[in-house]
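What follows is a set of notes on a single structure, which appears directly below.
We just call them A, B, C and D in the order they show up, numbering each chain from 1.
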Amino acid sequence: MAPQSVSEVVAVLSEHGDRAKLLAGGTDIIVQLREGLREADVVVDIKKIAEVTSFKYCDENGLSLGAAVACYNLYEHPQLSKLYGALADSTHIIGGWQIQSRASVGGNLCNASPAADSIPALIALNATAVIAGPSGERSVAVEEFCTGPGRNVLENGELLVSLQIPAQGANCGSAYERFIPRNEMDIAVVGVGSWVKLADDGTIAEAKIGLGAVAATPLVAEAASASLIGKEPTEETFAAAGELAKQIATPISDMRGTDEYRTHLVGVLVKRTLTTAVERAQSS
Amino acid sequence: MATVFIPAQLRELSGGVQSVEIEARNVREIVNQLDEMFPGFKDRICTDGNISPSLQVSIDSIMTSRGMIAKVKPQSEVHFIPAIGGG
Amino acid sequence: MSASKKVHVTTTINGESTDFLCEPRHSLLEVLRDNLGLTGAKEGCNNGNCGACTVLLNGRPVDSCLVLGVEVEGAEIETVEGIACSSNLHPVQECFLEGAALQCGICTPGFLVASKALLDKDPNASEETIRFDLSGNLCRCTGYDKIVRAVQAAGQQMSAEA
Amino acid sequence: MTSTQYRVIGSRPVRHDGADKVTGKAIYTADTKLPGMLAGFVLRSPHAHAKVVSIDTSEAEATPGVHAVVTGKDFPNVENKMADLGEGSVNLAYLSSNCMAQQKVLYRGHAVAAVAATDVHIAEAAAKKIKVEYEVLDSVTWVLDAMKEDAPLLHDDLVTDSMGDKAENPSNVPVHLHFEKGDAAKAFEEADVIVEREFKTATVHQGYIEPHAVVADYNEDGRLRIWTATQGSFTARQQTAEVLQIPLGNVLVTPCEIGGGFGGKITVYLEPTAAILSKKSGRPVRITMTRADVFEASGPTPGSFMRVKIGAKNDGTMIAGEAWLAYDAGAYPGGMIGPGCMCVFSCYDIEHAVVDGYDVCLNKPKTSAYRAPGATQVAFATEQLVDELAAKLGMCELEIRQKNAVKEGSRRVDGPVYPPIGLEECLQAVQESDHWNTPLEGPNRGRGIAAGFWFGCGLKSSAACTVNSDGTINLLEGSTDIGGSRTSIAMQLAEVLGLEADDINPMVGDTDTAGYTDVTGGSRVTFATGMAAYEAGRDLQQQMKTLAADLWDCSADEITVGEDGAFTGAGKTVGFKELATELFQAGEHLVGRATVSPECPTNGFGAQIADIEVDPETGKVTVLRYTTIQDAGKAIHPSYVEGQLQGGTVQGIGWALNEEYFYKDDDTMANASFLDYRMPTMLDVPMIDTIIVETGNPDHPYGVRGVGETPIVPPPAALANAIFNATDTRMTELPMSPPKLWKAMQSKQTSE
């Protein structure tokens, strides 16, 4: 079914509970339903609802990104792709072009894969999830959204409506990078999103680093982020942040990499994303 | 006389002899003579009276598909080797 | 996905208004192939990893195995069967033939549809862009070399004609 | 040979089936639809090794929309008989129980039951209602573990066969092969330098994009019609008839267009099951594998363990070789160990060598051929040791290969000597190439080379050509066309007759219409079916001479046929078309035919050059530049020869860097999807430059050698050598994936 409003969706979700699944881009949910990884009696297409399929940016409030907006809208957008480098980076590598035509950032978040590409980027950018439910709207920081692999904070009857991402002033820059064995069409072995704001003297005024595929849920590397404040953006600073970030990584060993390798990659990618983020901040 | 190479795995039957000269017109004659020289030879390379399906006969580097009836020339070099296919 | 009542869907396929009935669980790929007889789009993996089922949905390339039939109500769809203009092959089809950019041909429809979308966007796309944008299409026969060259050649032809 | 000027051969016409394949009109098996057709779904084992205690299909059978259910008990008992399948042979009992398990399942994905229903979703849902009670057994997926005495046994009655000598106790090792040439032990004593290493390679899959598919229609009169994705319609017919125990002549196999094979679409998997479902339901049945099924239940190519040793004199002459090889057979005997043994030293003239090979059953799907089956593994080992030898001797890696390269008269380790071959010419082409002569600069970069070989077989092919009234030709042949072979075959007929490629309409016939033709595999089609087309053309010319003699009132002996196909006699010269038209008007209808069975291997040699860069922080390898060189004998359609070289090379790059079957603790495959199996995408490889060497094969009228397989052989070794030259780290395990290379580089740093 394809309801026209958020309230209709809330009603359907409240009625069917777990047995109703939302369909945005479909690139995860259709596979999961087909392979029996998730089950549903009702599939609710939310792409007829304006609030979840639109996005707008203003200098004051930043970006309000409908949950079902497909990836390409971000990296193809001349202004947004510059302002939100980490988001553009991540949306441009989720699957191939065909996937990006459909897959949404909101769907990527709700799917709650520890290796989701957009989540570390959203964390770094300080995004907030706006959730609608039977008792109204609530907001949750993106880093609080996932509760385990494939699980999130959405309660019965709730849906993710949009993501609010703070405005990006001057001297801000962000980047997302993942490590994969191929160069496309792969799941992140580790993914890191970094955001920085530079002070007028060129030192780092604010920073936030999000990590993916190193724990059951994407993480904020708090100590690593804090370590950057007030520092010159040098390779040493970034490497030190990388070392701190490695300390919170508790990855598994699987076909995509060993825990040792993943932990090592955290250091590498923190350094690389910070380098890019700072370059972007300096040129913004 | 054709030169017939004894497969390494059958040299236990030939007492270590690596090749023999045999007067023969075809593979069948070679196999029969080898079996006389080295009793048990035939059993090792034949199934139901034919060259085992897992083997093939190389005559002058030609992998013959004719098995026992393949012709042998006086100067031929004969090998029994594993059958191979390809992808 | 469980079976349920069939839904009536009206859509435009290769420029023609088309309607069909499908179960909510049926993918667009199944609808195209089984209901509509458009077997040009191929199923290689059925989970969006090979691109053999690529079609254009409202002008954008999608894996039709990851689109539900019921979702395309009111949409415009273009498949490999619709790429040629009447009896003339599209430049990308011509260049695939001239450049021997196909061997077994099973991935070819997906590549052609994605390549057309790419060249419509930018006929002068660089090798790097071509390789990036077509990385969602797997080919196991050609090693990609001749495909990249065919797409480049088609782009040149399209630029020259434009 | 190469100086001959041809009109058609060596040109690049558009392929005959091209328009169909760029417009979506070409019909592949999954595209076929018969009236009343049902969809089949195969239920597969979730366990790597288990006894099937019981199967209850009652609930599935009662499901609305279900028309038939089959299990192992619907399959006839077949004896332990070996059937010759043209290319290799197969034990029918094993073939049958690989199609549908009987008492035991031997790998995850092993078929245990199948359902035919009006819709595949109904069939799938019904199949999931089948209750299979398993008794899970210990399983084994690593080749050396499977060889241990206390390993779980897959087959209670399997004993090791050492060329007819059978062991007493059962084991997982069906075959031990042993080759000796000269006295290797003594030669090693005389060697100045010896290199020795152990190597491992993972199981990999051919990765064709089209999943296996079949349509079967079992008619009331006992006639079984099959449409299928097969590399060989005649072998598919024979396997199906043997498994079903029905007369061969009752089976018609129509090969549809096929979406890749690479050796993996020779064995039947679905055909007998679809046939029985069709027989039980009285309706045509189509089954297609899912991608996971393809990975888990078709035939990947062996993982391996290898220990190889080479000894050389100080002047660089290799004098001694020793190899101990153990290859996965998969769940049933009959892997690629034979060619593995025969290829380990196939590029080098080593006077003394000893090779032992073991075929090993374990709880993985039954292996099958994959492009030069068995050769890529051993090249990975030998070609690295050759580089190490060169380094120890202070020689250049190309020089040592040139010094020891096999040539006409060199003796293979299994005995036969080579006829004229082209390895030296390929190495010469390396030396003269722009790639080799362009220095590679920059940190973390390295260049590697490797040589490769595949036999290339002849086997049987047939062709028939019917002359139309306008002198054009309908060519009927039986080689399923996977990569443009209709055209490469038609071009040879066009050449001999003095026609253009598009004067020939090639058609791939079914098993009722085409003459017997072996599989499209073994690099044989352009060589052997091309030869059949050539001979059919010659047959036609003979007939036309006889008929023209009547027409022209002269003797047939007076008529000659020129290089351009024109007939000269009775004072005139007439082209093929003109004469054909004349004869047609005179009431003569012409059909030329030929069957051929060339038996000499075509001996395809090649060499490759790889430039790579390693990311020192992650161990990821980027291929910067790649050149593939191969002796094609004579390239009939150079574009499609290049295509074979490029395609095989990229498959080899995938094998080298990322592809592998990753097994979980319970011995089931963790990555049965294109996402996690990681074949190269377009973004993972550069352009693949090609150099076609043409030494001419004396056993073919136009000098053709098979080219399809050899290109996959050198890449893992060439890349390993390049990685060593970039990082000083020797990689002995495939794939050389980033985590493994990173770890190896770390260990090296730590140990230094």
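Here, contacts are C-beta pairs under 8 Å (C-beta built on N, C-alpha and C of every residue); 3 or more make two chains touch, one makes a residue touch a chain.
All values derive from a computational prediction rather than experimental measurement.
Undergrad: Which two chains does the highest number of contacting C-beta pairs join?
TA: After tallying contacts for each pair, the winner is C-D.
Undergrad: When the C-alpha atoms of chain B and chain D are each averaged to a single point, how far apart are the two points in Å?
TA: 27
Undergrad: So what's the Cα centroid distance for chain B and chain C, whole Å?
TA: Those two chain centres are 56 Å apart.
Undergrad: Between chain A and chain B, what distance separates the C-alpha centroids? Give it in angstrom.
TA: Inter-chain centre distance comes to 69 Å.
Undergrad: At which residue positions does chain C touch at least two other chains?
TA: 1, 25, 46-47, 49, 132, 134-137
Undergrad: Among all residues of chain D, which ones touch two or more of the remaining chains?
TA: 206, 261-262, 674-675, 680-681, 683
Undergrad: Which parts of chain B, given as residue numbers and ranges, touch two or more other chains?
TA: Residues: none.
Undergrad: Which of the chains are touching one another, listed as pairs?
TA: Going through each pair of chains, those in contact are A-C, A-D, B-D, C-D.
Undergrad: Please output the residues of chain A touching chain C within their complex, sorted ascending.
TA: That would be residues 2, 23, 25-27, 30-31, 33-35, 40-41, 43, 45, 47, 72, 95-99, 101-102, 183-185 of chain A.
Undergrad: For the complex, which residues does chain A have touching chain D?
TA: Its residues touching chain D are 96, 179, 181-187, 189, 254-258, 260-261, 264-265, 268.
Undergrad: Residues of chain D touching chain A in their complex?
TA: For this pair, the touching residues of chain D are 617-618, 620, 657-658, 662, 670-671, 674-676, 678, 680-681, 683-684, 737-739, 742-743.
Undergrad: Okay, in this complex, where on chain B does chain D touch?
TA: Its residues touching chain D are 5, 7-11, 18, 43-45, 47, 52-55, 58, 61-65, 77, 79, 81-87.
Undergrad: Quick check on the complex: what are the chain C residues that touch chain A?
TA: Answer in residue numbers: 1-2, 24-25, 27, 46-49, 51, 54, 57, 60-63, 65-68, 70-71, 73, 114, 117-118, 132-137.
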